[in-house]
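Same chain, two partners: chain A is paired with chain B first, then with chain C.
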Partner chain A sequence: MKDPRPPLSLRLRRRRVRDRLATLLITAGGVGVVVSVLAIGVFLALEVVPLFLGADALSPRELWGPQPVEGYAEPQHRWRPEPLIEGDTTHFGMAPLVWGTLKAALWALLFAVPLALGAAIHSALYMPRRLRTRLKPTLELMEALPGVVIGFVAGILLAPWVERHLAGSLALLVALPLGMVAAGGLRALLPMPLRVRLSPGWAGLWLMPWLVLVGVATLWLAPAIEAALFGGDLRGWLADTLDLDYAARNAMVVGLAMGFAVIPGIYALAEDALAGVPGSLGEGAQALGATRWQTLWKVLLPAAAPGIFSAIMIGAGRAAGETMIVLMASGNTALMSINPLEGLRSLSATIAIELPEAAVGGTHYRLLFLAALVLFAFTFLVNTLAEGVRTRLRRRYRRLEGGT
Partner chain B sequence: MAVIDRPRRGHRRGRWSALLLGGLLSLMAARLPADDVVGPLGAVGSDTLAGLMLSWGELLTERHPGVRLQLQASGSASAPAALAAGTTRLGPMSRSMNEFEREAFIERHGYPPVELEIARDALAVIVHRHNPLASLSRRELDAIFSESRRCGGERSIERWSQLGVTLPGDRIVLHGRNVASGTHDLFRLRALCGGSYRVDLNEHPGSAAVVAAVAAEPSAIGFAGLNHLTAGVKAVTRRDAAGEAASPTPQAVRRGDYSLSRSLYLYLNLPPGGALPGPEHAFLELVFSPLGQTVVEEQGFVVLTEERLAEQREWLDSLPPVE
Partner chain C sequence: MRTLWRRRGEGPWPWLAAGSVALSLLMLLALLLLLAIRGLGHFWPAEVALVALQDGQPFAGVAVREEQIPGEETRERLYFTGNRDLDGDRWRWVEVSAIADIRHPAELVVLQRSRWGEFHGRLVAVTGGGEHHTGEAAWPALQARLSELDVLRDERDRLRDDVVVPLVRRLDNAGNLADADFRAALAAANARIRELQSAMGDDILILESVDGRRIEQPLDLVLRAWRPNAMSPLDKLGAWAGGVWLFLSEGPRAANSAGGVWPAIFGTVLMVLLMSLVVTPFGVLAGIYLNEVAHQGPLTRLVRIGVRNLAGVPAIVYGVFGLGVFVYGIGGTLDEWFFSESLPSPTFGTGGLLWASLTLALLTLPVVIVATEEGLARVPDHQREGALALGATRMEMLTRVVLPMTLPAMLTGMILAVARAAGEVAPLMLVGVAKLAPQVPVDGDFPFLHLERKFMHLGYHIYDAAFHGDDVQAAMPLVFATALLLVLVILVLNLTAIFLRHHLRARHGAPSRW
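After this line comes the complex of A and B, so read on.
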């Protein structure tokens, strides 16, 4: 029978054309996405340029350096971009805003990184699969919680509670990690049958009642500790001895709340990095006699270090850009201080509060675009760096696996 | 037999249900009044006035179901920006427009905005209910809240012990509104004599948030609109030079005797000689009617004097009729 289809050469040509068209469309889609992201940056930059041109151009010193302020002998950093009455002085100091953003991100990472990394290490390397499959959806639920809700709970419930139980909260921060370490030590002292029941893989379950017990005991003992060490008034002691003023809505509370929001992201990426380390590396180390801790610290973590580093950087980018949590839990005070017990004001919260009321095209409006540009540049750089590091890591793993 | 009967019964049932549906529809159409007050009613502006605007809007939609409310309350400073940009025609504000904002509007539209006074209000200085502080003088209030101390205080007051009050936390924690708020600007003009706030003032997006924050912290002090006070806070009276305390009673606020009292405004984008659209005209009629003024009182504000109300009603009647 004669073959009804067109000759082979024509079919090949058509297939080649279709392949090329598909490749072109997909490439165009990818390029389009990159172009639109860069276009956002270009748009922000174009809106910012008129700030530095013309008669009333702003100098970098006005933006970043301290200026003389009424009522103070020394120049201060102030953010007060709108004049209210004729003759009002305006201050465009953006330094407190950038400082506040970095401070909030730092405290969020301080809370989130140990917890998320610890969870990732445990779940990737020691947890039995049954427990791990239950853990992932729970963490994804944490990620799904809107920032507004977290900020609301932090501002309305957490901040007043921490203020009323300041000694207890600080004691908890110290006691809970110590309690976990103590649990490991105590387990080693238990008789053999009990020790077998409390296996390290299931530590996620049996540690929980222990930690609740430690927490309750700490909160119960806290007033006694406060009376013994600080004469009954921790806030007064902090103010007199360390010169640290306490504000109910402070960087520590913001850090706790933002840390909660950032943990799932860091956990997911770190766990991927750790699970991607070839099993042969860990097994080889243990076969040569290394303990679990030595394998983890000297072999597995260095192998996964680039992935973990990129996870932390992506968490940092998310923490820097988070708006609602900072807006609701921080008090929005544009202070430049190291004290974690004082309020802060971030770039994103400033944009959210002030953009609706800034006259379009005015100095205030363009300054807010400058704030947006600074945030965009920071997040873009951090994420690009993190992605670059992860790509190198994947290539390195392929080489490692190919070698064994 | 059943197979042949059923289609016929279905036809009869179909006809009856069609008649019933048509009857219902015509009844519904007959219930809707022949209404020329239909369309969107938008307002962008003050958070203080949000509850009041919403109550009036709901009363209006009860009478004229064709009106669609679009209210946005992010702070008084958002009203001039929206009016000048043309995104809204009504702008409620808890302070009057300053020269910069008026100029921006005139530059954009070529005529000034229409300013209507809709109610009176007072700002209260609030402390926690367990705080024994009863009154503050003007200088003390300024020294607490500002860093410029233009009202004449010599030193900043940062601790409760400086005022003779003992509280668990000695440091005074300040709560107030953010820059978008008319309440923020009014307090700055009247209580701080035009000076600037301390940097460590906690800024909140609404008066209710300020009240909630002060009610949760025993060592806090703040300022908020009188209508937002709850049982968790108490108002501090103003002590003038003669040592007498002025408290925000409705009469004092109406006459302007309490210094932290203010008028609440509604700004309109209306070209001179132009007519208001139906929904806005009906809205303003409701606002200046006795029913509208009882709503003002229910919301915790103070009604205008009779003369002022009559003046504004006259102005409304003098407008060209709605097309």
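After this line comes the complex of A and C, so read on.
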């Protein structure tokens, strides 16, 4: 019998050639993709360079400093890249935009970090495994909710609601944490069989109806409190006593909405960091008589601190770049104020609004590219930092585990 | 040990931690419930109230909400009254104390019209074609005529979309060279359309608002009619399902504040499909390169970190990149080379379907790369070594052993990429989404798929209808429905990915390297 196939050596050579070709293809494709992805930063930088070259280059003072503005004695920070009417002067001060971005991110973090860390601590320490494996995907779904939907609900429903019930919403910020603590206190007073039923591990679930109850009661009581403390007009009181203006779409609403969007991300990373602490550390502390909370505070948190830090950094990066929520819930007024009850305008929202209309290659166009570059650099740096910290942490955990 | 902890108090902190879980879940639940109720509730035929005021004036409307006037004792209620042609407005605020009487008479009709929006009132007569129905006979006659009209309208729309529009476009392109067959076909189609139009046109409804003003309403502008107060729950369920279907299958009307979202659904799906066609091969290729081919040195590690970080770069930055490189850069060049006859009006040098898909592909590339890499890392090294030891080349080892095991991971990555892309709006605002593009980018005209056209997108539709409409209040229910639809699509995609990944973990165990 003769083998119809070509001789073995030829087949082998063909296979080798095919292998080498495939490897070459994969390498070319892989390098191409990676390079083109990494080219984003380079491209943005190249587009921005002409701003600072040539005769009509912008000086850093023009970009970041206050400008003399007609009608104002003091120089003002002003962003007005296109003249509103013919012959109007233009101002390219980007400081209010950067300020708005940071302000929105800060308020979002102020709201999201306590909630996300609390949730991570609770699920890493107290929650039974069965519940935890359900909670994680649920919060992942929360992360997947599109920004445009969150921004829409915040801008159209939440902002007017908070405007009408300002006292109630501020009271909620105080009442809900108190309600959580009160739930713990009340549980201790319950008879034993009921108390066992309401175990701390499942508190994440059975606290939900209780918090709804607390919230409803607070909103019901809020007008009375407002009447007693602020003469029934909290906004007037804020304006008179603290000199705070109020805008319906303000930094607090943005913070709330964007906080909602970044909670899951921070939670997931922080939970990973806490759950990754080698078990021997916690067990040792508990064997020496520490409570779970003492173990957390003295042993687990210090060990996991870099991971939690990187979780917060990544949350900050996400909050700084989020576009649709800020665009829809912030009012988009370029202001430089720390008042959380006023509007703001972020870099990302400015790009989304103005870039489609900016003349290609003009100063305004390049400034918006600069805004994109600033966002890119900021998030890239923050994420690299966080990633580096995380890698080091993982190495540390491995060492700690190996040491026992 | 466990009981010991429980007996000893741990202070308030654990409760705050537990409370934050509860609060996060509550917020998520509240948002989803809100979307579901407001989004689906709109299609339910709400009862129309006949409200008589203290001063004797009646009006018919659907109660929307009630509000306390700040600083005063009175409460005000908002009614949706329709009848914009009569009253100039579709909304009416009424002080609750000024209402003398509310009834729900069964004979009140609600008409959905293609001009002037909804009508609330009474049906007096249906006339036309030599027939005249009044009183009790008017309502069945109206319904019969409406279902006839639906058939005619369907045929007209089909003729226009499938025959007339492509013919006209071909005539435009061919100029004077077009042959007589074309013109004859076009004339025949137009004649048929005119015939259909005249079959629709001659009926008139005589309507009366509850305060006694009469109008004559041409029947061909009436889309749907119902008498909500006379409907049984089962009828209402039928009408609800019909409403949902129309919402999903029709195009928008009245500056996006009424009608359906079919072009937006189509645009979103098509864009995402094109994007996954691009992102999957390239992402997988890059993942394989980084994990299997590249030398695992410090440079590769750096590149890997860089790629991961790109997942955290804001979407709008990708939009800026897409605008600068794809639209103005590549698109502008393409226009100069191939479409110079139509310049200065751009063909590819403006936002369009292709550039949007490419931009989103770039945006989701890190997702696919990371997922592929994770899947590859999960394949134990001894599998690779075994294959190589049996004489396989690296290519054979990859295609026969490693990649089949990684397939679910790649699929997960692709689904996550699709889910992310479907919800991303900000970059699209720069590279090709349109407020209104009734022509979907696919039709019977060569080359069938029009990559340069602008398209509608569910997410942008939400933003536009909620913030740029002239009557935002009236568009609100549809925006909620659109938001619900978008969220549902994304949740389903994500659940699929989560399920796949869970399945995968259960099969392969813990990852070996990450």
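As a working rule, the second predicted complex is superposed on the first by the 363 of 404 C-alpha atoms of A that agree within 3 Å, B and C clash if a C-alpha of one lies under 4 Å from a C-alpha of the other, contacts with A are read in each partner's own complex, and residues count from 1 in each chain.
The rule is short, and it goes like this: a contact is a pair of C-beta atoms (placed from the backbone, for glycine too) under 8 Å apart; a residue touches a chain by one contact, two chains touch by 3 or more.
All of these numbers come straight from a predicted model, not from anything done at the bench.
J.: Identify whether chain B and chain C fit side by side or clash on chain A in the overlaid structures.
T.: After superposition on chain A, which the two structures share, chain B runs into chain C.
J.: Which partner, chain B or chain C, touches the larger number of chain A residues?
T.: Counted on chain A, the partner with more touching residues turns out to be C.
J.: Based on the superposed arrangement, let me know which partner A:V360 touches: chain B (first), chain C (second), both, or neither?
T.: The answer is both, since A:V360 touches chain B and chain C.
J.: With both complexes superposed on chain A, which partner does A:T384 reach: first (chain B), second (chain C), both or neither?
T.: In the superposition, A:T384 contacts chain C only.
J.: If you stack the two complexes on chain A, which partner ends up touching A:E47: first (chain B), second (chain C), both, or neither?
T.: second
J.: Pick one for A:W293: touches chain B only (first), chain C only (second), both, or neither.
T.: After superposing on A, A:W293 lies in contact with chain C but is clear of chain B.
J.: Let me test your reading of the model: by the given contact rule, A:S169 touches which partner, first (chain B), second (chain C), both or neither?
T.: Neither partner.
J.: Check whether A:N250 is in contact with chain B, with chain C, with both or with neither, and answer first, second, both or neither.
T.: So A:N250 meets neither chain B nor chain C here.
J.: Give one of first, second, both or neither to describe whether A:M324 is in contact with chain B, with chain C, with both, or with none.
T.: So A:M324 only meets chain C here.
J.: Is A:L145 touching anything from chain B or chain C once the two structures are fitted on A? First, second, both or neither.
T.: A:L145 contacts chain C only, not chain B.
J.: Touch test for A:A119: chain B only (first), chain C only (second), both, or neither?
T.: After superposing on A, A:A119 lies in contact with chain C but is clear of chain B.
J.: Given 133-141, 169-177 or 277-285, which part of chain C has C-alpha atoms clashing with chain B after the fit on chain A?
T.: After superposing on chain A, the stretch of chain C hitting chain B is 169-177.
J.: Find the residues of chain A that appear in the contact set with chain B and again in the contact set with chain C.
T.: The answer is residues 156, 327, 356, 360 of chain A.
J.: Any idea which chain A residues touch chain B in the complex?
T.: 69-72, 78, 80, 82-86, 88, 156, 159-160, 163, 235-236, 239, 245-249, 327, 331-335, 342-343, 353-354, 356-360
J.: Which residues of chain C touch chain A in the complex?
T.: Residues 1, 5-6, 8-29, 31, 34-35, 67, 70-71, 282-283, 285-286, 288-290, 292-294, 303, 305-310, 312-321, 323-325, 328, 362, 365-366, 369, 393-396, 398, 419-420, 422-426, 429-430, 459-460, 462-463, 466-467, 472, 476, 479, 483, 486-487, 490-491, 494-495, 498 of chain C touch chain A in their complex.
J.: Under the stated contact criterion, what part of chain A meets chain C in this complex?
T.: The contact residues of chain A facing chain C are 15-16, 18-19, 22-23, 26-27, 29-31, 33-34, 36-38, 40, 43-44, 47, 114-119, 121-123, 125-127, 135, 137-142, 144-153, 155-157, 164, 176-177, 179-181, 183-184, 188, 200, 203-205, 207-208, 210-212, 232-233, 260, 263, 267, 286, 291-294, 314, 317-318, 320-324, 327-328, 348, 351-352, 355-356, 360, 368-369, 372, 375-376, 379-380, 382-384, 387-388.
J.: Using the touch rule from the top, collect the residues of chain B that touch chain A in their complex.
T.: So the residues of chain B in touch with chain A come to 74-75, 77-78, 80-81, 84-85, 98-101, 104, 146-149, 168-171, 173, 178-180, 185, 188-189, 194-196, 199-203, 205, 212-213, 216-217, 220.
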